[in-house]
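In the two complexes that follow, chain A is the common piece, with chain B as its partner first and chain C second.
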Partner chain A sequence: MRRINIILSLLPLLLPFLAIIGGGLLITGLQSFGLMMFSYEYEDVLFAYKQLFSDTWFLESAVFSLYVALTATLISIVIGTLFAYLIWKLPGKYHSRAVIYKIPLILPHIGVGFIAVILISKTGVFSSIAYQLNLIDSFEDFPNLLYTRAGIDLILAYIYKETPFVMVMVYAILSRFDKRIIDTAGMLGASQMRSFFTLVLPFIMPVLNTTFIILFIFSFGGFDLPFVLGDSYPGMITIRIYEYFFQKDMALRPIAMAMLTLVFSFSLIFIFTYLKFSSRLEKEVRKL
Partner chain B sequence: MPRFLFKQMKIILRLITAIMVLFCWANLSQADESFDKLVQESRGTTVKWFMWGGSPTINSWVDTYVSEEVKQRYDITLKRVPADAAIFVNKLLTEKQTGRKRGTMDLLWINGENFKNAMENELLFGPITSKLPSFQYVDPATVEFDFGYPVQGYEAPYGRAQFVFEYDSGNLPEPPQSFAALKSWVKENPGKFTYPSPPDFTGSAFIRQAFYALTGGHEQYMQGLDQELYQQNAPKLWEYLNEIKPYLWQKGRTYPKDIAALDTLFERGEVALNMSYHQANAQSKILQGRYKNSVRTFVIEDGSIFNTHFTAVPFNAPNKAGALVVANFLLSPEAQLHKNNPENWGDFTALDLDRLDPKMQSRFQKLDLGEATLSLSALAEAAVPEIPSGYLELLERDWEKFVLRSK
Partner chain C sequence: MFLGVENIAKSYGSAHVVDAVSFGVNKGELVSIIGPSGAGKTTLLKILAGLEKADQGAITSMADLQNNPAILVFQDYLLFPTMTIFDNIAFGLRCRKIARAEIGKKVIEMLEYFQLKDKSAHYPGQLSAGQQQRVALARAMVVSPSILLLDEPFANLDRNLKAETAEFIREFQQEYQITTISVTHDLQEAFMMSDKIGIMLEGRLCQFDDVKTVYNQPVSSQVAEFLGHVNIIPPHCFNYLELEESGPANGSSISVRAEALELSREGECLWRIDEVVFAGQFIMYRVSLEKTALTVYSFNGDFGQGERVSVRVKQFIKIKES
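Coming up: the complex of A and B.
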């Protein structure tokens, strides 16, 4: 009875969720098999998937997306945690001033993309400054940071956006941590490093895990930054999806839908395995 | 120019279309009478026009001139809804799939691939051109096909655009005027040229033009896709594009994602040549202060592609009468003249000037198109039609394979 009540009271929230998200997922899945594709008909339900895997481009894009998302997220987590820890260790009166770090949080991703273009492109602000200071003879000498095959522009932009998020999350949990534990450890002769890794890190680990998942999935499936920055080939997977959905013949839409289905399934599997793995790790840590 | 202006299709039976067009002509006298009825019906109604909203110039032309005129003449309230054509065609598809009889859109600005997609899924109401008195000023032969797809009266022409190159006459007095000259110029000026990566419409039009120029002209392709001919000719295009690739912007490792990205590079002087699928784009950019006053345009001697853009009415438009009245007004000589003026927009007319009365003709001829825009005759001399869609799809696909991904 209680259960039914809970479900009933959640219904106003559940219904739109099921209808919009569930319906969208269902149509995406069906269209990836060439079904419900308006007046188009396909002989082979696996046509889109076969097409995708007949070529290495899809895999190259997927690997590139993975690489960008993983690198950016890992670096953000390390820097963000470090900064949050340092701020937390400051005397209390400085904490409110450290609020500046939250600025990138309120910038939209696409805004960060434009800032990157304005600042670091070959004819951008930094290039002009270098020219005025006689560091370079013309804008052509300015190093190429945008649209590189290594995705440096994308990774930098994501780090800029994600680090403050990590800081907010970590700082919030640290404020519940008892500082005296560290002081005690110090008195007993533990080094700074040692007390961070054995006392603080296990305490904030669950939050780091959640943050990692949020940021990784977000940047893996992000569209706006790769659209403004980023290279034409291989390019992040979301850009390929956009091309197939909006710019190519409508009869090829199942390919876009197949990519979306694969990205979504991958994200689900990733979250599931990661959570399972990390909770097992945490249990083992507790046993120690 | 709108994303949806460009892309193309299969040629089906020319004959059927020709008959259709003749039929429309025979019906013109009836058109006037039934048009009065439409005007009566649409008095006091609202027309929602879904159109690409990316150009402030075009938006303000619609919001001021067009909406004031239709209000005054027909008591119609015009509401402009900005949306990309691919997006509203999607919306229509969903409405069709869910069986929605009364939709939300009355009039669409559409052409090319989006028109093809809409026709293949029976999303349009029509034929409509026979209902529009202004259509008598159009040469039906010029609007028989939209990117190779038969129009069959399902969309009414409304403007015309042609592909031009843009350059700054201040620092590049003699731009390369043929594809052969372009190749040597690019090699002498490494890093100063690039094109948006297809399927961007401008980049895609650029490679189509090169395809015409390098393989002996457009005539051979007009009959629809011939696989053998394509396989025989396309390698010449890939060879050319790969030859200039190392000398392109960023050494050809990457290409601007769309024309807006290339525009930015040109505005800042990172590249010395730009391109546009709208002949008056440079002039309006100068008027907006984004280009230097010394920017000029030219067409490549080998031929420059043009296409027509259209208005159409969705199958479930709630106010079909009002939509037709507005479409007719947009095609009227007065509106076309006003639109052709670069101060208002600069989009070329879809009308056949020979069909207008002499007074109107001279008003069109007296238009000051601005220094950066080529004369009508210079443009007409180089004009070549768009390629049938079968070729377009192959060219875009193989560009990725043989140019973008080749080492």
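Coming up: the complex of A and C.
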């Protein structure tokens, strides 16, 4: 009876979830096998997957997406944690002034993309400053940071956008950490470094894990920044999905759906593996 | 003098939290600084621990504070929540890069002494307040501090645990001969365990002396009042009381603690009981004669409201200022 009541009370939330997300996932999955494709029929239900796995462009695109998302997220986590820790250590009166770091949070991703173009393109602000300071002889000498195979522009833009998010998350959990614990550790002979790695880090680790998952999944499946900044080859996987969905023949839509299904499946496996690994790691850290 | 505190002062804005405090502690002594909340006790302790900087004054010590610093055990113990009890206690030793086998030996010694052996693999959140306090003490003691500083050691304990803890602190303090300074507002426990007591009121150390002197010869009526209810008895009432020692020759009032008065049905029963309050460990009586009212703490609950009794003064306190 109690369980029925709980389910009934959750229905307003569950119904849209089941209808929109569950339904969407179902249709995506089915269409990736060429089913429910209206007037199109496919002899081989796995044709989309076969085509994808035989396409080096897709595989390179997947690796590139993974590389960009992992690099950007890891760097954001490190920088964001460090900055949040430094702000937390400041005397209380400076904390409200440090709110400036939240500005990138309110900027839309596409806005950050345009800022990146304005700042780091060959004719951008940094290039102009370098030219005015006689650091380069012409705009052509300015290093090419946009649309590179290394994805530097994408990674920088994601770091700019994600670091404040990490800071917000870490600062929130740190505000529950008693600073006198650091004092106590200091009296017992611990260095600042030891206090951070043995006391602060294990305390914030659960939040770092959650933040890592959120940011990784978001940048792995993000579209707007790769659309503005990404290189056309191999390009982020989301750009490939967009092309297949909107710009190619309707008959090729199962390929877009197969990519979406793979991205979703990968994300699920990633979350599961990461959580499993991180919980084991947390136990190990506790043993240190 | 093992530790000398000279003229220490600390202000936050216009508030003088610690105001020209001076006292000295001998090696192996247990000193309690008592005072109400907000009297500046914890700030003084933080200054002694090096966590706060004094605006003026000096701290001198014969101890090797570089190698064996003073360690402050906070009121809420502040155990490291992500570490087991073993690791909490081993923390200071690991910071000193002591060999693993030696660490294990020392920690086990501490676990045994502080009766925590079966809690070794537990996390702080799984322990009671009393057990957490013992872990905090063990964690501090394992690194052989030169001075142990205790911030409100009884604040988070149940009433019945306080006296037991005071005895335990005294016991291990004697065992390890560790010079200890404790700040508390629990009078009874402080008196039980201390060699010397300091009374701190509004940032000033009003009196610093041995336990009995502070209790029986307070330096001011303010100090006397802080240590317990004091009856001020005017000289014209002396004839209506049984005084065990003669009153002051100069005709001034005497100060008598509520527990130093005794009610009786013998002799001239002139005092009327106006109020009887059951206070658990004792009975509080309010008695009066004409315009003089007295408060009496007694273990005897036989007397009733409205009854006439005689009052005996067992001992009066000699306030130095008066």
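Methods note: the second predicted complex is superposed on the first by the 281 of 288 C-alpha atoms of A that agree within 3 Å, B and C clash if a C-alpha of one lies under 4 Å from a C-alpha of the other, contacts with A are read in each partner's own complex, and residues count from 1 in each chain.
In this section, contacts are C-beta pairs under 8 Å (C-beta built on N, C-alpha and C of every residue); 3 or more make two chains touch, one makes a residue touch a chain.
Please read these numbers as outputs of a predicted model, since none were measured by experiment.
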Fit-or-clash call for chain B and chain C when the two complexes are aligned on chain A: fit
Chain B versus chain C as contact partner of A:63, first or second or both or neither: neither
Partner chain(s) touched by A:20 [first = chain B, second = chain C, both, neither]: neither
Superposed model, angle subtended at chain A by chain C and chain B (C-alpha, nearest 10 degrees): 150
First (chain B), second (chain C), both or neither touched by A:202: second
Which of chain B and chain C A:178 touches, first, second, both or neither: second
Partner chain(s) touched by A:6 [first = chain B, second = chain C, both, neither]: neither
Partner chain(s) touched by A:90 [first = chain B, second = chain C, both, neither]: neither
First, second, both or neither for A:188, with chain B first and chain C second: second
Chain B or chain C, by number of chain A residues touched: B
Partner chain(s) touched by A:110 [first = chain B, second = chain C, both, neither]: neither
After superposition on chain A, the shortest CA separation from chain B to chain C (Å): 50
Residues of chain A that touch chain C when the two form their complex: 178, 180-181, 183-185, 187-191, 194, 198-199, 202-203, 285-288
Complex contacts: residues of chain B adjacent to chain A: 84, 86-87, 93, 96-97, 113, 117, 120-122, 191, 197, 199-200, 250, 253-255, 257, 264, 268-270, 393, 396, 400, 404-405
For the chain C and chain A complex, residues of the former touching the latter: 49-51, 69-72, 74, 78, 80-84, 87, 91-92, 95-96, 139-140, 143
List of chain A residues in touch with chain B within their complex: 36, 38-40, 57, 117, 121-123, 139-140, 144, 147, 149, 227, 231-233, 239, 243, 246-250
